[in-house]
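Two complexes, one shared chain (chain A), two partners (chain B, chain C).
Let's look at the complex of A and B:
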């Protein structure tokens, strides 16, 4: 087959097989090989067990009926059939997760980019602003969700301020049910997470912005480009690997949103009215709380497929891979 | 400076005249980002009636430490609330330090092997690990739960509701291995070769020469792992659900907020117990937080 390529051939009849294998192993030192595997032994064992074995195990569990304390019983596609066709709640969870991700990812990416561009200017107190904007990202999601709930509950500070300026739709109690109105609860989580996550992505954007050569902007300015043109024609194309990383990891994280929805529904997953039920919440409720490990595993596999497809789409869209 | 005459000195695509708008945005966003922390911090010093009153008070009028005493477990006879954030704090600290130590050792060990040694399957294994960065961790919730439940007796299993379960699965991370490999590859190999001349073994070269030189990368990794473990909620919440005495801070705080829905001063005091240690670490080691993120593969 090599002959068809038309290139000059070093081995017209194909590389001698034995020599190639021997040559392949000749490049290694015995000590390196033994020590290399020894170094990797424990790290790889942990990694493989809790990641790769776990993923294959998940597929296996998804075709069993199993409550862990009993013996697993093979049930074929029953669990998938159950979540797809019988349990209407699963589709609500899928819808909520996707809807959430589709809104939160553009919002947090845009906000992070804007903050990064501004903080990257030659301004006083740059470091202070960076510190202040990034801090919400490193605090515990549970703690910050509770802070948010304290501010946005029906008797909270935000509703009080709204009542002072007579703003906002008047709900049953004259307040905005940020956390209790099924039409608002998921949007409130979107607001919360846009705020907390954008700090992280601001830092990543900032690192990428600092790699954009300064003289490119100066050259553009001499050519009469305005700021907006410079951002569109220079900044955005040059930081594309960072954008890919941010959108891809943002999407993967958003589809798996759990902590905020779990804390906000106060031990009553999905409340109000399943409006904050996400896929991971469904998996948690079905498996860990409901002892239907087969169904939960099936739901996780579906989630894996959704995330896989989403990542491929993002790659297509941004068309440039990150360094790894 | 002399060379830049005629070209206005600037750091980005915007002109000086727009700075004012930037400052307005920056200050506005800063206020928005800090108010939740300040407001909640103030609330933790209020009595319950004061926290609930309208119009709300800013600085507490009758400042009290009751909420703090309650969550730290000094008040249970009076408040009737049995909760011990000191215990959760201890659990979180032990778990975070163990996870951190595990990652420092195992990630650097694997990173060193990938950076410096040649053995069959090296690249395959490395890309296998890196590939998992794009795979959802939540897919492993159910299998990890089952694996921990089924850890055989000779390993001290089952590991649900134990420190082993809270730490061992998280002691190796793809990001950590990647970070350490990149750093080791940037070190000059000559130093280690000199060590070999002096009769060091491979492990000696790693332990005595490469590792001390990798201190900046290790610091970054330590900070990120500590923070990740400290804030982690999903996995610890189901690993400890059978054993409340092992609740980590986020798990204990979430449970507390479910059990005492409207005890806002107490909940806020609990939230402060979770947030403040990270704030302290953040203030002193911010450089390493930023470093870790900036290295997420962009500069490969």
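Let's look at the complex of A and C:
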């Protein structure tokens, strides 16, 4: 292959012996192998214990009735039956989480990409903009949510500004209930989180953008491509791995959204009217607060399945478009 | 050479982990190796003063019982979750604080020791001295799982400056005069362009609305908590009264004025009257000093008084190895001597009628006589459970066009689902 395409051989002294697994270690010193495993030991033990074992344990808890301070009682599919058919809010939580993810992921990916393209230009003060766009991501989400609540509450600055420009009265009390109107509360969190998370993803996009070889753009320019064509035909295809990473982690993070909804509805989780009840908030409320670990574990397993399928879909979607 | 150094590093790291573990177990064994009986006691600190004051009471106990040593441990963070984790691991303390809100989780799973026998045998304990409603909060069937160390009830907090401006000499004493005063205040404030000042602050919260429901003669459930009773004429009337004031704009929910709870609403000057407990006091003395206020008993309804008691008890671990010493501690802390000392130091309301409450708390003390316990079977506070449904529905009736009858039906339905499925 290599010789046919005229490129230099990757291994001028012959390939290392990696063909058979059994012979794989022969190329290393024995001490290296021992060291490698020693270094891996602790992270692997933590991973197996807190992720793999925990996952299997979750599946086991989901078929028990258990308040953790009593002895677990096997109940079969009762917990799944309860959350699917009886619980009045489980499907609301699923719907909220999915609706949230479907809006947030495209929005934040697009925003992050746009920001990355902007700060990748040679514009004046680009370092300032990079810092400014990234800033929300390094701030505590609880602190940001509290600030957001002050700005957007019925008595807050945003409603004050709206009243100055005579956009109010809109709501029932002359203000917009960003946080108190069941139709707006989740959308407010969507706005907040799109803004805070896009900074992190901007950094990943930026790193990917800087890996795109300059000469490709130069060649495209010589061929007469405009800026938009360059982005569509060169940038987007070449940063596909970064896009996959961002969409996949963004999706997982969105389905797992908890802290903002938790802080915003303190005292009455999911308020107003269960509109901010996400799946993790449901799991927290049922398990940690409500002491019904079986049901919470069943809901966690359902959430795991949703995330797993969604990630597979994203993988397939972004991979299949790869032809360029 | 480099590899050897790396290997040494890994070994040193492992040795450090091992030595930390050894140190920790050494610490535990050192504290147990006394000839005295050691009783462990876990509690939270509602204020930094609480552990200091409790230590003084514990010292007095140890002086009286020289062969018992109390190992008092202040748990920071979520006390309930940490106790659940400790009990699940079989490491629960001998004696612990138990809040009415979650005590039933432990009582109904057999993790607390029933105290009836201990109390009956202990001649100096005088069980009949407690307010019955407070002990009821820690009773399942006939078994008593905790004796209250103190409690809080609700009272009417009112803004004296606003009352004076309207020439109102006395705070309202019943629900009708309360409505009149609240609406009069709102009209007055709107006239003076104080659009963010309401007559009252009424949150969508069972923990504030229940006393009114009781005063109207209604209940969320029957006393045994086996069936809903909210879907009744007093229930619907109590819903209408509460939501009607918000609907008319005489009162506001805290979120309408950007507050997290009605205490904040009152402190910020957005509500002239609220139903709150003594926990609002520190806030009024520090953050909201500019508000002039007084407290009065909650307004009465057509069927008399209503109030809620939020109490914390001392409970005993069923698996404790030192039960008789643990009872001695509980008996002292909730007894006439220990509780009197505690009340005097920490300025809380005594759960015993024979102990004099701190000055100025009359309105709260009066509530204890008729207060219902804030205690529910497990699962009441779950997402989609009765408590959340009541909160959501109060808001819907007040501001989003739901009818009071529909709410009563909806809440009764959620109670039925909860009771049937645990």
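Assume the second predicted complex is superposed on the first by the 274 of 324 C-alpha atoms of A that agree within 3 Å, B and C clash if a C-alpha of one lies under 4 Å from a C-alpha of the other, contacts with A are read in each partner's own complex, and residues count from 1 in each chain.
The rule we apply is simple: a residue touches a chain if its C-beta (ideal position, glycine included) is under 8 Å from a C-beta of that chain, and two chains touch if they have at least 3 such contacts.
Here the structure is a predicted model, which means the values were calculated and not measured.
Q: Chain A superposed: clash or fit between chain B and chain C?
A: Overlaying the two complexes on chain A (C-alpha atoms) leaves chain C and chain B clashing.
Q: Output check: A:138 vs chain B and chain C. Expected answer is one of first, second, both, neither. What do you get?
A: Once the two structures are laid over each other on A, A:138 reaches chain B alone.
Q: Between chain B (first) and chain C (second), which, if any, makes contact with A:57: first, second, both or neither?
A: In the superposed model, A:57 contacts chain B only, not chain C.
Q: So in the superposed three-chain picture, is A:251 touching just chain B, just chain C, both, or none of them (first/second/both/neither)?
A: Neither partner.
Q: Given the touch rule stated above, what does A:35 touch, chain B (first), chain C (second), both, or neither?
A: Touch partners of A:35: chain B and chain C.
Q: Who wins on chain A residues touched, chain B or chain C?
A: After superposing on chain A, more of chain A is contacted by B.
Q: Tell me the contact category for A:104 with respect to chain B and chain C: first, second, both or neither.
A: After superposing on A, A:104 lies clear of both chain B and chain C.
Q: Is A:270 in contact with chain B, with chain C, with both, or with neither (first, second, both, neither)?
A: Only chain C; A:270 stays clear of chain B.
Q: After lining up the shared chain so the two structures overlap, which partner does A:87 touch, if you call chain B first and chain C second: first, second, both or neither?
A: A:87: touches chain C, not chain B.
Q: Identify the partner contact of A:68: answer first if only chain B is touched, second if only chain C is, both if each is, neither if none is.
A: both
Q: Where does A:155 make contact in the superposed view: on chain B (first), on chain C (second), on both, or on neither?
A: both
Q: Which parts of chain A are in contact with chain B and also with chain C?
A: The overlap between the chain B and chain C interfaces on chain A comprises residues 31-32, 35, 39, 68, 150, 155, 266-267, 288.
Q: Contact residues on chain B for chain A in the complex?
A: By the definition above, chain B touches chain A via 7-15, 18-19, 22-23, 25-26, 29-30, 32-37, 39-40, 43, 52, 54-56, 106-107, 109-110, 112-113, 117-120, 122, 125, 128-130, 132-147, 149, 168-169, 171-172, 174, 177-178, 202-203, 206, 227, 230-231, 233-234, 238, 241, 249-251, 253-254, 257-258, 261, 264, 267-268, 270-271, 274-275, 278-279, 282, 286, 289-290, 293-294, 296-300.
Q: Could you list, by residue number, the parts of chain C that touch chain A in their complex?
A: The touching residues are 3, 6-7, 10, 81, 84-85, 87-88, 102, 105-106, 109-111, 195-196, 204-205, 249, 252-253, 255-258, 260-261, 270, 378-379, 381-385, 388-389, 391-392, 395-396, 399-400, 414, 417, 421-422.
Q: Using the touch definition up top, name the residues of chain A that touch chain B in the complex.
A: Of all residues in chain A, those touching chain B are 24-25, 27-29, 31-33, 35-37, 39-40, 42-44, 46-47, 49-55, 57-58, 61, 68, 115, 117-123, 125, 129-136, 138-144, 146-148, 150-151, 155, 157, 160, 195, 200, 203-204, 206-209, 211, 214, 217-218, 220-222, 225, 227, 230-231, 234-235, 241-242, 245, 248, 252, 255-256, 258-259, 262-263, 266-267, 279-280, 283-284, 287-288, 293, 296-297, 300-301, 303-304, 307, 311, 322-324.
Q: Which part of chain A faces chain C closely enough to touch in the complex?
A: 31-32, 35, 38-39, 65, 67-70, 82, 86-90, 92-93, 150, 153-156, 172-174, 177, 179-180, 182, 266-274, 277, 281-282, 285-286, 288-292
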